[in-house]
Structures are given as C-alpha cells and as structure tokens.
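Structures for review follow.
First chain A sits with chain B, and in the next complex the same chain sits with chain C.
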Partner chain A sequence: MSESSPHLVVRGVSKRYGPTTVLDHIDLTIRRGELVTLLGPSGCGKTTLLRAIAGLVQPDTGKVELAGRDITNVPPHKRNVGVVFQSYALFPHLTVAGNVAFGLKVRGMARREIDIAVERALALVKLGHLAGRRISALSGGQQQRVALARAIAVEPDVLLFDEALSALDRKLREEMQVELRRLLQDVKATAIFVTHDQDEALTMSDRVAVMNKGRIEQLAEPRELYLRPASLFALNFVGLSTRIAGTVLAAGNGKVDVETRVGRLSALGNFQAGSPVIVAARPEQLRLGEQGEANSAAGRVRSVVFQGSRTLVEVDAGAGESLLAELSGRDGAIPRLHDEIRLSWPVAETFAFPMEAQA
Partner chain B sequence: MTEAALPAPVSAPAVDRERLAAVGFVLPSFVIIAGVFALPLVLLLGVSIVDANGLTFAHYKRLLGTPYYLGVIWNSLRLGLLTTLIAFLISYPAAFALARARGPLRSVLLATLFLPLAASVIVKAFAWTILLRSDGIVNETLMALGIIEDPIRMIFTETALIVGAVNIFLPFMILPIYAIVAQLDPRYAEAASTLGASPVVTFFRVILPLTLPGIIAGVALVFSLSVSAYVVPTLLIGEKYPTLATTIAKAYLLAREPGFGAAAGVVLLAIAIAIVALSARLSREPK
Partner chain C sequence: MMTRTAIIVCWVMAIGLALFLVVPLLVIAAASFSPTPVFDLPLTGASTRWYGRIARLDGFWPSLLLSLQIALFSTAISLVCGTLAAIAIARGKLPGAGIFATALVSPLMMPGLVLGIALLQGFRAVGFTAPWATLLVAHLVITLPYVARTMIAGLARFDFTLIEAARTLGCTYPGSVLRVMVPALAPSFLIAGIFSFLASFDNYPVSIFLADVRTKTLPIRMLQYIEEAPDPTLAALSTLILAGTVILLVVSDRVVGLHRMAGTSD
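For the complex of A and B:
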C-alpha cells in the first residue's frame, strides 16, 4: 500500500443517543503513517468517534474502513486497533510484561515470539527494567508508557489515544508529547489522538480535526488551522484572536468592507451587504502605529502581559470592543498601561465569519 | 504484639504516637475476641482431649474411626460444598445484573437481597417446610393444575435441604461479589477486546481474575455458614441426615457427652478454618 493511499476511512458516520446527535455524518480520511488529532470541547463527539473506530460504539449510519477492509460490523477484537485509554485500563492482576503480552497471547502467538515482542515493546518505551513489576507499583507516567507498549505490541493498523496524556502533570505531558510523536514516527504508526488541549493537538499531529457538536468544523494541518481558521469556532478554539462585531457595507473580489464600532475595517470573505459578521485577526498580526492600506483602530492599553519572547497587549477600543496584540521585543517600544495607542494589521490577515455561527 | 509493646528506640516520636494509637484502637476488639472467643475455644479443645483419667483421644478415635461418624462428617461437607457451589453459580450472574441495574430497579433488587437477612433463619426454614410439605403450597398447586395426581415427597429430602440452604445463604455470596463487580472499571473489558480478546477470552482472562476476591469472600462465608448449619438441616431433612452441627447438639443436649461434642466441634472448626485459610491463600495477589 502506498504512503498516500487512504488507510482509515470514516464515511457518513452518525450516532444518536436519544434526542442528542453525538456524531452528525462524519467523514474523515486518514493516510497511512499519519498522526491526526480530534480536537474539541467536551461533548463535541470526539471520543464517540474514536470509540466508533475502535468498535466500542456501533454507529447508527455510515461506514468505517481500515487498511482496505470494511470493519463497520466487525467486533472490536477482530479489528486490529490499539487503544490507549485515559485511565490506561492496565490489568491490575498482571505484571507489566503480562499486560504487554496480553494481546499477543490471545492471538495465540508462540511463547518465544511473545517474549521477544514484549521485550522490544518495553524497550521502545524505555521500561525494559520494570517488566516484572506490578501495575500498582508504577507511577502515572510509567503506567502511561505500559499502556502505550501494550497497544503497540500487537502492531495494530491504527493506534487510538483517548485523552491519553491528560492524566499526567504539565511538564511530564509536554515531554511525552514530543517523545510520543517521535516514537510513533519511528515505528511508522498511524494514530488518532483525542484531546481538548490545543497545544497537544498542534504539537502531536500532522493534521487536526476541530470538532464541534458532532461535526468536523475543519480538518487541516496545524499551521493552516491557525493561519486560516475555517470557522469562528475553529478560530476561538485554537489560539488567541481579536474579534469585533460589525455589518457588511460592501462586498466583492473575496473581500468585504465592514462597519464596526471601532471604525470601518476590511476583511477576507464573501458576504452580502447588510450581513452581520465578526471580523477577526491573530494577535501577532497587530502592529503599533499606522500602516498604509491596513486596518487600524485606536484605544487605551488595558493590560500588558510579559511572556518572555513576546508581550501580550490588550487595548480597550471603546464601545465594548477590545484589541489583542502580541508584540515582540524587535517591534520597538512596548506600550505601558493606560497609554493611548493605535494598532494596525494587514487586510490579508483579517477574517470575517458569519455572526450566527457564534452560538 | 511484642513489636508494639517494645518501644522502638530510634523511631521518631510521631511514629511512636501513631503506633500507640493503632494499638489503642485494636485493644478493645482484641480483648473481646480473646475473652469471649479464643478462651472458650481453648476450653473446648481441653474438654475434647481430657477426661476423668487424664489425656485421651478416645473422642477423636470414635469420631474419625466409626463409619457412622465419617458419614456425618461427609454429610456436613456435602451440605457445605453443594450449597456453596450452587449459591456461587446463581450469585455470579446475579451480582453482574445487580451492578448493571440502574435507578429504582437497583434499589428494589438490593432490598430483596437485604430484607431476608432481617428475618430469622428459623422463620425462613419453616417457610420452606410450609412450601414443600406434602400438603404444602407447591404440591397443592401442582395437583390443582393437574400436573401431578399425588403429592411428591419434597420435604425431608436432600434436595429440599440444599434448596433451602442455598436460598438462606445466598445473600452472603451475592453481596461480596456484587461489591467487587460494582467497582469493576468497564474499560478493562474494552481494553481486552481491542487487544484481540473475544468476549469468552475476556471473561476468563480478565473479568474472572479481577472478581476473584469477591468470589473467595463469598465462598468462605457461605461454606463456613452452611457446613456448620444447624437449624436448616434440622427442619428441612431431620434425623436421616445427621451433620456435625446436629451431632454436637445431640451430644450436649441428649447424650450428655460434652467431651465428644467438643471433639465434633473442634473437627467442624478445623474444616471451616481450612477452607478460610485456603481462600485467604488463593486471594493473595499472584506474584
């Protein structure tokens, strides 16, 4: 199978629990060796989608294909998936090695091969020295690694991580993100992560699917997701932004002029005149002072937050609107609290989204 | 004990205070157990091996050397083993059903399990005699329905004995298993299935081992209760099924042979202790 051919295909998958639609006709195609994150707030359906892929939830409609096989009606134990659960679900009656060997034993693999595979899997997560330990004698981070080794040992067609890092403390989690990504790339694993943590999503994945209310709002590479959010929800969920409400005055050539309470602004987008919209820009696009054709607005500095290489400046632009700028030391002087300043940002980096999408 | 009594010279004062508190908490129950349980047991053992002429093992020889009394011991064991086995087979799925039940259903099920514990064993055993005797409810119903013409002999059979014993001791099997099953994380079964284990393999390799502590507790309770049951065999089967418990009662109340009764008591205790010790050994975490 070639590197770019579809490896996991989810087509039109829906799931309802009573009156609640948890998954609303989800389509998702993942290539072999790709690391994809399902990112969204709790209740957006990301875990249900993961469980549908694992076979732990039976979708009402739609199909799931894995490695060229329709697995929609295949029970989980015949799917060849690996799942790392949030709680790890390590078997407390077995040792570390016993847990890792479990999937191989039930597959009827020969004893000697199992020993070799277990040793290799534990070496991969750097836990070879703990093979004989009981699960209860391990730290949270070590348990996480055992769960990973157990899932990897069976060489699954896809690895599924259900908030697998969220139980670790922040520092350990950040280390694991980098290490896990490297490890998965080394073994050429195809993996799906479920998380509500945008940093984790951006660090770990080749592509991120932003989910909201049972739908995928945007599926894009992390950089594109940040620079070109497809919806107001995606804009809000990943990264910071300035958002100003307004009404479209004129439209054309993929651009709109918008009347707002801080003045007239231009943005990318296709809307009819009179449409209520939200105009938005990422904070690093905002600069001090005027710039030729750019959008600009003025106000009084409300807060200045120093964050090392950058400083976040929030400006009260009046009429309840505010501007958020991220200034680096190279941009010259950083304004002080209560300074009256003007900020400007390029039209090409200004987005417009329909107002009602905010609900 | 000696460890607690001797002051540890190098340990910090905080540890000493903790140890002292622990001893203080344990002391009352220790005194009660020693005074009203251990002491009588030692006396019982003494009575069984001492008579007017000094040390004797005559009572044990009679008990373990007479075919009749070996039959009695076997009857007790059989009652204990059959009751425990059948109670387990009924209780295991019941505990899962109870753990899966939600809302009012769960409350009703738990109530039906707990309420019979409030009724005396004698009342429950009598209830079974009313149900099972030849003019009892079961026979009357079967005859009224035309399924049988003459009453079937049910009371005073071993079947009646086992049915009654299982019914009466069932809660002591269900509750400890239920307590474990209710806390069992459903993720374990899910993890096993995603690793390739079929439902049957998942049951034997994951669910059963993880619920073993509950099974062992239930088995130890029900076996020690049924092997030593007195009221149940007396009312449901009577003279023709003598057990160690009924033999002890007879030795004390009718035959006035306290030495022999004590020996039978010691044997019964030894059987119960053996089973409990075996359970404790099995429930110890595997290496």
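For the complex of A and C:
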C-alpha cells in the first residue's frame, strides 16, 4: 500500500445518546503513517469518535474502514487497533512484561516470539530494565510508557491515544510529546490522538481536526490551522487573537470593509454589506505604530505580560473592545502600563467570521 | 501536661481493651491443656488428652461435616451471586442502586435471632422444610451481605477501562472478564470468601431455629456438649478452631495485606 492511500476512513459516522447528538456525520480520512489529532473541548465528541474507531462504541450510522477492510461491525478484539487510555488501564496483577505480552498471548503467539516482541517493545520505550516490575511500583511516566509498549507490541493497524498524556505533569508531558512523535515516526505508525490541549495537538500531529458539537470544524496542518482558521471556533480554540465585532460596509474581491467601534477595519472574507461579523487577528501580527495600508487602532495599555522571548500586551481600545499584541523587544521599545499607543496589522492577516457562529 | 495525660489514658484504654479481647482466648487455650477435668489456676502440668477426645465426641464428625458443607456451599454461591449483584450496583445505571445495596447488606444489621425466627416462619409458610436445604438458604442470607459489601467496595476501585483495554488487545468480552477482572479483584474475592465462610461456620442464632435432631451444626453441637459435660474437650476444640482461624487470617494477610482485611474501603 502506498504512503498516500487512505488507511483509515470514517464515513458519515453519527452517534446519538438520547436527545444528544455526540457525533454528527463525521467524515475523516487518514493516510498510512499519518499522525492526526482530534482537538476540542470536553463533550465535542472526540473521545466518542476514537472509541467508535476502536469498536468500543457502535455508531448509529456510517462506516469505518481500516487498512482496506470494513470494520464497522467488527468487534474490538478483531480490529487490530492499539489503544493507550487516559488512565493507562494497565493490568495490576501482571508485571510490566506481562502487560506488554498480554495482546500477543491472546493472539496465540509462540512463547519465544512473545519474549522477543516484548523485549523489542520495552526497548522502544526505554523500559527494558523494568520488565519484571509490578505496575504499582512504577511512576506515572513509566506507566505511560508501558501502556504505549503494550499497544505497539501487537503491531496494530492504527494507534489510538485517548488523552494519553494529560495525567503527566507539564514538563514530562512536553518531553513525551516530542519523544512520542519521534518514536511513532520511527516505527511508521498511523496514530490518532484525542486531546483538549492545543499545544499537544500542534506539537504531535501532521494534521489536526478541530471538533465542536459532534462535527469536525476544520481539518488542517497545524501551521495552516493557526494561520488560516476556518471558523471563529477554530480561531478561539487554537492560539490567542484580537477579536472585534462590527458590520460590513462594503465587500468585493475577497475583502470586506468593516465598521467597528474602534474605527474602520479591512479583512479577508466574503460577506454581504450589512452582515454582522467578527474581525480577528493573531497577536504576533500587531506592531507598534502606523504602517501604510494596514489596519490600526489606538488605546491605553491595560496589561503587560513578559513571556521570555516575547511580551504580551493587552490594550484597552475603548467601547469595550481590546487588542492583544505579542511584541518582541527587537522591533522597538515595549510599552509600559497605561501608555497610550497605536497598533497596526496587515489586512492580509485579518480574518472576518460571521457573528452568529460565535459560541 | 494535659496532652501527656490524655496520651497515657488512651494507651491504658487501648491496652486494657486488647487484653479484654484476647485474655479469654488465652484462658481457653490454657484450659485445653489442663491435666484435670476441672480447669484450675495455677496449672499443675499439661496434657493433650482432651484433644484426643474431640474425635470421640458424640455426633462430632457429622456436625463438623455439616458446618463445613454449609459454610463452603453458602460461601461459593454468595461469591457468585454477590459479585454479580455488586457489578449491577457498581456498574448498571439502576435507578435505586443505593437502596438495593442497602437492602443487600441489611442482614448484617439485623439481630440473628430475628432473622432465624423470620426464616423459620417463612420457610414453614411455603412448606420448605428440608433441614439441609433450609440451613443452606438461611446461611446464604448470612453470607451474602459480607460478599456484597466487600465486592461493592472492590468494584468501586476497579477501573472498567481494564476490560476495554483487554478487548482492544484481542480478548473477547467474557475472556476479558476472566483474564483481567477476576485476577484484579482476587484480593476482594479472598476477603469476601474468608469473612463469608467464618460468618457461616460459627453462626448459632440463625441455625438453631432450622436445625433438627439429625441436622445440627457444630456451634449447636458445642453448646449441647457444654450443657451435658463441661470438661476441657470443648476448650480443646475451641482452641483448634481458633488456631485454624488465625492461620487462615495470617495467610490471607500475607497474600493481600492487613489494611485490606480490616475494612471494605481504602
């Protein structure tokens, strides 16, 4: 099978629990060897979608295909998926090696082959020296690795991670994100991560699916997701932004002029004149001072937050609107609290979204 | 000063209570080795002849056998039924799960005497009079709460994701329960089994209403001996039962740990 052919296909999958629609006609195609994150707030359906792929949830409608096989009605034990659970779900009565060997024993593999496969999987997660330990004697990070080794050992067609890193503390989590991505790329695994942590999504994935209310709002590469959010929800969920409400005055050529309470602004977008919209820009696009054709607005500095390489400045632009700028010391002085300043940003980096879509 | 006094008072209380609980057991153990039929202090020697006489007690073997049978069967049945009921309570989204759990455990709080009379009347009313069977059913009422209580607590700590993990690793659903849930809950099963067995084995107040001349459990038989011939043979038997219980508890403690033996919670 070639690298780019579809490996996992989810087609029109829906799931309802009573009156609540948890999954609303989800379509998702993942290539072989791709790392994809389902990102969204709790209750957006991301975990249910993962469980539907694992076979732990039966969808009401739709199909799931894995490695060219329709698995919609295949029970979980015949799907050949590997799942790493949030609680790790390690078997407390077995040793580290016993946990990793579990799936292989169930498959009826010969004892010698099992030993070799277990050793290889534990070496992969750098836990070879702990093979004989009890699970209760391991730290959280080590347990996470055992869970990963157990899932990888069976050589699944797809690896599914359900908030698998969320129980680790911040520093360990960030280390694991990088290490896990490298490891999965090394073994050429196809993997889906479920998370509500945008940093994790941006770090780990080739593509990110932003989910909201049982739908995928946007499926894109991390960079595109950040630079070209497809919806107000995607904009809000990934990264920071300045958002100003207004009404479209004139439109044309994929651009709109918007009347707002901080003045007239231009943005990318196609709207009819008179439409209520939200105009938005990422904080690193905002610069101190005027620039030729750019949008600009003035106000008084409300807060200055030093963040190492950058400083986050919030400006009260009056009329209840505020601007958020991320300034690096290089382009000039960092303003002080209560300074009156003017900020400007390029029209090409200004988005407009329909007002009613605001969550 | 106050705190020191308080600590001393607490220690005296603790030691006093421990002695109060343990001394009678030591006395009975000492009495079982008495060389004379009447137990006297100070001891004037030691003899094991009373132990030899246990086996020759009138009706001892049938009673021991009956008590063991009833205790084993009721424990086995309770382990299966109690565990299933506990799963329903812990897992099933039953509307009145709390009420159901309380009802299941309620015989623990009921005086045995009341339970015995109630069961006797109940069985008579429906014409169920076979002594062995009535004893078994009655002992199920006694043992089920111990199992249910322990298993509800055990299941509350059990992560059902383990079953899902086993399923995604290639186990069928029943296979996952057998390979993962049963071994993970082994300590709870052991504790439930021990308490259930002991509760049945030494039960008197319920059994007395259901026993007849030919169907007498060991505790009933022992009370009969003490009325007829109060010699140290009974002390010897008691000491053996005590020793057996201690061994059982020590071994279990080695296996699952004392903190899990003491209660049903963490």
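Points worth noting:
Throughout what follows, the second predicted complex is superposed on the first by the 359 of 359 C-alpha atoms of A that agree within 3 Å, B and C clash if a C-alpha of one lies under 4 Å from a C-alpha of the other, contacts with A are read in each partner's own complex, and residues count from 1 in each chain.
Throughout what follows, a contact is a pair of C-beta atoms (placed from the backbone, for glycine too) under 8 Å apart; a residue touches a chain by one contact, two chains touch by 3 or more.
Since we're looking at a predicted model, the values are computed, not measured.
Look at chain A after the overlay: chain B and chain C clash there. Of the two partner chains placed by the overlay, chain B and chain C both lie in contact with A:Val106.
Of the two partner chains, both chain B and chain C are touched by A:Pro76. By the touch criterion stated above, A:Leu39 is placed in contact with neither chain B nor chain C. With both structures placed on the common chain, the touch criterion links A:Arg134 to chain B but leaves chain C unconnected.
In the superposed model, A:His93 lies in contact with both chain B and chain C. In the superposition on chain A, contact of A:Val194 is made with neither chain B nor chain C. Of the two partner chains placed by the overlay, neither chain B nor chain C lies in contact with A:Leu159.
Within chain A, the residues touching chain B in one complex and chain C in the other are 54-56, 75-79, 81-83, 85, 87, 89-93, 102-103, 106-107, 150, 154.
Of all residues in chain C, those touching chain A in their complex are 159, 161-162, 164-172, 175, 179-180, 183-184, 186.
The touching residues of chain A, when paired with chain B in their complex, are 54-56, 75-83, 85, 87, 89-93, 102-103, 106-107, 134, 150-151, 154. Remark: chain B residues 185, 187-188, 190-199, 201-202, 205-206, 209-210, 212, 285-286 touch chain A in the complex. Across the complex, chain C is touched by residues 54-56, 75-79, 81-83, 85, 87, 89-93, 102-103, 106-107, 150, 154 of chain A.
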